[in-house]
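So the structure is just underneath, and the comments pick up after that.
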Amino acid sequence: MSKLPPYEHLVHYYETDQMAVVHHSNYIRWFEEARIFAFDRIGMGYRECEEMGIISPVTAVSCQYKTSAKFHDKVNVELKFTKFTGIRLYISYTVTDVATGEVRATGSSEHCFVSPDGKILSIKKSFPDLYEKLTGFVEEDA
Amino acid sequence: MSKLPPYEHLVHYYETDQMAVVHHSNYIRWFEEARIFAFDRIGMGYRECEEMGIISPVTAVSCQYKTSAKFHDKVNVELKFTKFTGIRLYISYTVTDVATGEVRATGSSEHCFVSPDGKILSIKKSFPDLYEKLTGFVEEDA
Amino acid sequence: MSKLPPYEHLVHYYETDQMAVVHHSNYIRWFEEARIFAFDRIGMGYRECEEMGIISPVTAVSCQYKTSAKFHDKVNVELKFTKFTGIRLYISYTVTDVATGEVRATGSSEHCFVSPDGKILSIKKSFPDLYEKLTGFVEEDA
Amino acid sequence: MSKLPPYEHLVHYYETDQMAVVHHSNYIRWFEEARIFAFDRIGMGYRECEEMGIISPVTAVSCQYKTSAKFHDKVNVELKFTKFTGIRLYISYTVTDVATGEVRATGSSEHCFVSPDGKILSIKKSFPDLYEKLTGFVEEDA
């Protein structure tokens, strides 16, 4: 089992709201940033997927907020593939403060894979090499 | 049991992404728009809460994406209080296309209530009238 | 000379920043909302333009901030076509608070017109009727 | 005269719009990112300013769009102080594509300085050391 690389994000001023904390919707965007970063690093980046004709829409997302990230904090987003059926990929996320290690939020996302003309793809059938690769990163949630 | 008023949103151009659909993070923002709209209408608006010294942070959020909203679509966001413990409020959301009635997404959010100095509030104990009012809107999910 | 219809916007919570005012970048988005609203009303909506094969990118934008809009404020965005050369359209904006009439910001945007394959269009030459219509809304800045 | 450090930004997926380019409002946010990054590096970071009791709101902003940044592009934001009166600071920005060197956009922002209770500050009078420092970065636009 291989580990996905973690992602660091420095909180932008425009991500705060009038409670002087990061607006909760931005964590969903950080999950995307972290996902794209990790996919890139494991050779499944945007260009590679485009060439293979694979698009992977978000079919569900969730976030549980624990403590508040603030402007100029550096946060770390760790992600794990918790399950991959060949058709659906399940990812979990943990956002921690880099300075204190405090958990800011946990979350999840679900993805399917579609062709450019919108048909659902079975990665297992159509891209067996990619299936093997992704499966190698799957780890059960503790 | 009273019904919460639904909320209409016209999709903005800046809410789209390069798939030519609404970026998934914006649904989380629409939930907030709908929630604030509904809270206003039931006499629990921002000003009222501020005067009472109640802040209600989002402690969790989820969204399941069914079909894609597009630029200039009018969407309807219906919300329900699915549970209220006096300490935690659970809300569910359904986003439908106004023209076709198609469900775009469903979702949920969880909220606690805190005082301006950050202490967790029991609405049941500290604001019994508000507790009664909110409870009157709770309906079980079908 | 005809007047363009004004546009109303209720400030969303997620548009605020930690200074407890609207983040300055959002005014640029309100200009777009107001522009799309007005274009719709004068029969030059998104669908009409798409059918005619006209896309109008923003080539420049500016905003001068006077006073701060806050959460839940209702603001009015008035726009004017200040110049139209047939190739470039110049628009000015004034954002005022609906309750007090105070000016929150003024701004401007510039637009060209391109075909779906990216060629610059002369509306004057290629769409003379549309040229007449748009010209009818041009008014000089006071 | 000292140079301000440039800032790099990797274009996020959620920053694109349905034209498959970066939505124009995001450049205004990148200016802010670059500004905060540079202020940090020259010892005028958020924490330092907070300790000194200085807030610097944006009083005006402009952007001229030349070519389109796309998803996953790396862009470089160079900024210059073009004028500093002691009361008002004028900054110019140039956004270029890191791979090709093509200019994506140019822009500007204007800032004043206020105390936590909202009074306009003269940096020249109240913070002469900071005035000297900032003045050392001012360079005329070519």
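Think of it as A, B, C and D in the order they're written, each chain with its own count starting at 1.
FYI, a contact is a pair of C-beta atoms (placed from the backbone, for glycine too) under 8 Å apart; a residue touches a chain by one contact, two chains touch by 3 or more.
Bear in mind the structure is a predicted one, so any value in this text is a computation, not a measurement.
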Chain pair showing more contacts of the two, A-C and C-D: C-D
Farthest chain relative to chain C (centres taken as mean CA coordinates): A
Intercentroid distance (Cα basis), chain C paired with chain B, Å: 30
Euclidean distance of C-alpha centroids - chain A vs chain C, Å: 36
For chain C paired with chain D, centre-to-centre distance based on mean C-alpha positions, whole Å: 25
Touching two or more other chains - residues of chain D: 13-14, 19, 25, 29, 32, 71
Residues of chain D that touch chain A when the two form their complex: 12-14, 29, 32-33, 36, 45-47, 71-72
Touching residues (chain side chain D, partner chain C) in the complex: 19, 24-26, 28-29, 32, 55, 57-65
Contacting residues of chain C [partner chain A, same complex]: 13-14, 16-21, 23, 25, 71
